[in-house]
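Presented below is the structure to which this report refers.
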Amino acid sequence: MSSTTLSSISSQAGALSKTRHVTAQNVLMAQRSERYSSSGIWVGVFAITMSFAAFTSALFVREGTGDWTHLALPQVLYLNTLLLLASSGTLEIARHRLSKEEGTRKASGWVLVTLLLGLAFCVGQYRAWLDLRAQGVFLATNPNSSFFYLLTFLHALHVCIGVAVLVYLAGRLLASHTTFRLGLFRNTVVYWHFMTVLWVYLLLLCRMKL
Amino acid sequence: MQEGSLEQAHVHAPPQGFIRKYIFSLDHKVIGKQYYALALVAVFTGMILSWLMRIHMVWPEAKLPFLEWFSKNGAPGGIITPEYYLSLLTMHGTLMVFFVLTNAPFAAFGNYFLPIQIGAEDMAFPRFNMMSFWTTFLAWVVLMLAFVIPDGPPIAGWTAYAPLSAVGRDAGPGMQWGASLWGLSIAIFCVGSLLGALNFIATTLDLRAKGMTLMRMPLSSWAWFITSCIALLAFAVLLPACILLILDRHAGTSFYIPAGLVISDRLQPHSGGSPLLWQHLFWFFGHPEVYIAILPSMGIVSHILVNSMRKPLLSARVVIYSMMSIGFLSYMVWGHHMFLSGMNPMSALAFSFPTLTITIPATVLTLMWLGSLYGAKIQINSASLFALGFISMFVSGGVSGFFLAQPSIDIYLHATYFVVGHFHMVMGVASLFGVFAGTYFWFPKMTGRMMNESLGKLHFWLTFVGTYCIFMPFHYLGLIGNVRRYQSFVDDFMAPYLGWHKFMTIAALITGASQFIFLFNLIYSRFKGKPAPENPWNATSLEWSIPSPPPWNNFGAKHPIVYHDPYQYGVKGSKGDFVMQDSPEQVVSASGD
Amino acid sequence: MTGKHVVCSVVGMLALSAVAVAGPNPAGGTVSGKVTYEGTPAKMKPIDMSKEPTCAKMYTTPPLAETVITGSGNSLENVVVYISAGAPDDAAPSTAAVFTQKGCRYIPHLLAFQVNQELKIQNEDQTSHNIHPLPKLNREWNKSQPPGTPPISEKYDKAEIFPVKCNVHPWMHGTFAVLKNSHYAVTGDGGSFTLPNLPPGKYTITAWHESYGDQSQEITITGSESKTVNFVFKAKPY
Amino acid sequence: MGKLLAIVLVLIAVLSAYPIVSHMFVLPQDISTHGHAIDEQISETMVEAGISFIGAQLVLAFFVWSFSGRKDDRPLKNFPGGARALVIAAFLLVGTEILALGVMGQKAWASVYFTPAKPDDIQVQAQAEQFAFYFRYPGPDGKFGGIHPEKIDEGNQNYFGLDPANDVEARDDIVSGELVVPVDREVHLLMHAKDVGHSFYVRELRIQQDFMPGLDLSVHFTATKLGKYEIVCTQLCGLGHYNMKAYLNVVSQPDFDKWLKDQAGQ
């Protein structure tokens, strides 16, 4: 289904030449996009919250239907928690530096630290799974282990996405790119903090229920 | 693509090259058309599946050689096997609910017109937008694969109740790999829909043009906005449900499968799962899904009715609030699908009341439409015919809800044809009428050419009368206890009613055939239709203030400024009996309240 | 598929002609015997087919289950006696083994046939049947057969004895015995069996019963003698 | 064209109502003690739904007839009372309707689910499986033998997985493919699913209840008329779903006792 006809092509050309000049409009765009991108991330956070809420309710239902046992959480999880909390802190620092317009270099350092901490967290989670496997506790061993592997894996997956974006942003910063995507950065900060909060919640859930 | 900073990501340059323009396009208009095309393919597939089911049901010995060629196990000697009937049923339901009723009124039209109606250049996140379509497309491909694998499509129905859907091979043909493809496809579909919904919400909240207050948004945009809020919640729950299902099927977990099941003489290696869990998660999505399908059509129909009435609705606000409360209530009623599933009988009553309560906003909506028709100057054309037909359908399908909302009556009517008739009319046909209306109304804007009116009217009459002939008897047969999802009626007591089934089948064949008129009209008018002016319907909303079809950035360089409520009809305007939203001329507000 | 089919049947024909040339092997020995049981076998219950009137009305008195069928003199029917070791694998005969669904029962209840021999399954009832063999070594399949559809043709390429069931009619259970060689017999009324044309050699003869398991005996054939081998199974009351 | 639509709408309203008002489709006879409540509920709802349906269609038809394709420039009119009146009307009418239906419906529902089974009832266990129902009577000892899924052997007619060898209570259990019950005596049906979800539906009994695997539910009913009635499965359970049925045989108490004896004899 093509959408182009002669008239629209010509108008495109015209429009293009116009947009180059109308700088006021671009400014307007800038303000707008700051707003929209921010509400976008909050909608996303809401969606992720909902899915994990669904998993939680599933967990509660499943707890009520027999063969629910107990799962000894690997100790490494607490270390991982500290790592993730720390990463949130370092990312805050980075955000602070950027907003205070001190050259992007300093900020980029903190971003790097953050994403390294994030990676460390993921590795730590992997370690936790290895510990469980060593005890002969696998995904299908019992409902508790099923939920543990599932929740931790999905959360780690989300963290990895965050890390990927940070890598991209760090690259931008180091290259001190003329158009550093500030909006994207701020969204990532929100997302990252949300991941930390989500993890603390999941940890508590696992402690109390699994 | 271009290295514009995010601050200007959606001010993308005109796309270059075929791929960028039409395949992996960031343009919400192209993406909208892609969704529409996908829905079109899905709806015709689904329709043909329903034909096969109806034919087999009334002529069980009918030999369909082409079907044997298509699936040797499914139709040996051209005769549909019981399991293949269920495969057709499952695929029909899945295609229609997910890839037609969710895609066409919401994703397709929403993508195309939401940004334009609120005066934006594009969606908030064009890349997400492109991703959401291609994810949905991938979901469709995965689902279609079930037709070609040796195992065949799943046989668990579109609701895929556990444990039937969760135990795998032993549950029967199609349940080894077909059902896995189903689960995977739905999971992928959820991701696509979540991305889409996120985009819709962000766009509506933040990309509205100057002066476009929320209350000045056209009702269609409102419907898409509310729907995207529902979808965000619904699919965020269905996705986990599908993940658990896939794990049960392939990772040996026991979320849905209890202990001690013996299927095909094999003791299933599971323990402790809860089949009710699937039903709860599924219907928590499933009931709002009904409104995901119907709300956009309500908005589209209101949008079109106002235009063809040449006078504002009695109260656009009331319509908006009704749609909101429907969306809100839709999350408190999922249990009415499970009255007989073994929930606490008390909860049945708890679910019954909000379900009955939904009839209030639904009635208000209907009265708003009817009341607004009073004293109007209704212009009859294909679009308005389908819009009026929508009202009739919505009422007919709605009143049967009275019965099913009551647990006591559900004891008798649950899982009968009454239910099938109910949801086909109110969720299926009604929202498709909205899509048809929208197509006849917006086609000129989308393609720059008018659709053929006489073909459109012919299409309407056949479809309108035809659908009543098909689905009214469903209710009657339900009343005498005709059970659904049966591939043939071995029970003696059904014999006297087979005549009605034949009648329904023939009606279905004719009505279905008449949809090819519509298809032809689409294709013919796309290339040979007479060129469309900028505003063929003398409409007021922003999409009619730009060329047909719109340029790649919708409004060119100028950013529209909105001065009025969306529906300034029946006023003294410079162009006639209407004033467009972006025209600065002063009018006495003619809104109904 | 069809190509393979052709090849198989050709091979089958060759085998057949070979047998024809050799004729009733003069030097061949014959093993015959009787399968009996001791103890009290379970009482077979009548099958309740009320859910499938088209089948139920074919019987004046409801038929009994067929897991254990006994005859006069404690003889045991539906026992497959075959040579499990010692005999070379035979090529499959070109004739198809026929498995019939009639009156919602399997005829025969136990069908013995050879590896790669064509298996023909037909439905003579007015209702849809579903054939679901449950092998462990072979490929599992599960097909329905509505009335009026052509016979289902299948093959098994590994020797194995496994149950076959109809998913639609729970009481319909039978057995497929897929065997390596052509030296086998299924005991009928009287529980007797005969394995003719055994070339000289040392064999293991195995008798298999659906619910009493299997037994084996060694036997050596030195010429054109005929030997007797009897099997006695322990019957269980439940 | 608008006028035509109006006519078609009227026709649809009339023709749709006709089969109902002319009793072309009537519910099968009710043979239960609670069924009348449900039937009344249905007819009540039918009246209310019917009125709303016909009313709405006729109003739509009337408005379309009188307000479509007007070439003259009579001024546009607004509905007397405007939106507010209509909203209030909707709330009052539908609200009362809902309350009425809800309250009455509650009674009917309660009669099925909130009244406990009588002590003198007959206990029957129903097992749903792909694709048949089997019914188990405790036999003389009045006790059901335990269920051992691994012992299930359908070829040998052991559908429940009983273990008569070791379980004495199981030896006298009576298993039947049809549900035989005495008339005017309450039956307490203990529902067990062997494999997947199923449902127990007897139109004449006005009873429908799902079998939920891993969750043994129960219903109780009293059949008041002798005769043979169809039991069908209404929960999609696999390829043989359409063929999953059994018969409910309501007999006199003496016949029932005799039947039990005969079964025990086999």
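For the reader, a short list of remarks on this structure follows.
Every chain is named by a letter (A, B, C and D) in the order it is written, and numbering of its residues begins at 1.
The rule is short, and it goes like this: a residue touches a chain if its C-beta (ideal position, glycine included) is under 8 Å from a C-beta of that chain, and two chains touch if they have at least 3 such contacts.
Please read these numbers as outputs of a predicted model, since none were measured by experiment.
In this view the innermost chain, defined by its CA centroid being closest to the centroid of all protein CA atoms, is B. Distance from chain A peaks, on a Cα-centroid basis, for C. One inter-chain figure worth recording: chain A and chain D are separated by 49 Å, centre to centre, where each centre is the mean of the chain's CA atoms. Centroid to centroid, with C-alpha atoms defining each point, chain A and chain C lie 63 Å apart. Chain B and chain D, compared by their mean Cα positions, are separated by 29 Å. Look at where the CA atoms of chain A average out and do the same for chain B: the two points lie 32 Å apart. In chain A, the residues touching two or more other chains are 65.
Touching two or more other chains at once are residues 129-130, 154, 214, 238-240, 243, 245 of chain D. Multi-chain contact residues, meaning those touching two or more other chains, occur in chain C at positions 127-128, 130, 144, 163, 165, 167-168.
Within the complex, the chain B residues that touch chain A are 3-11, 13-14, 21-22, 27, 29-30, 33-34, 36-37, 124-125, 194, 197-199, 201-203, 205-207, 232-233, 236-237, 239-241, 243-244, 247, 251-255, 258-259, 271-274, 276-277, 280-281, 284, 446-448, 526, 547, 549-553, 556-557, 559. Here chain C touches chain B in the complex through residues 127-128, 130, 132, 134, 140, 142-146, 148-150, 152, 163, 165, 167-168, going by the rule given at the top. Of all residues in chain D, those touching chain C in their complex are 129-133, 153-157, 159, 163-165, 176-178, 238-240, 243-247, 266.
Only residues 60-61, 73, 76-77, 79-83, 169, 172-173, 264-266, 490 of chain B touch chain C when the two sit together in their complex. Contact residues of chain A toward chain B in the complex are 1-5, 7-8, 11-16, 18-19, 22, 25-26, 28-30, 32-37, 39-40, 43-44, 46-48, 50-51, 54-55, 57-58, 61-62, 64-68, 139-140, 143, 146, 150, 154, 179-184.
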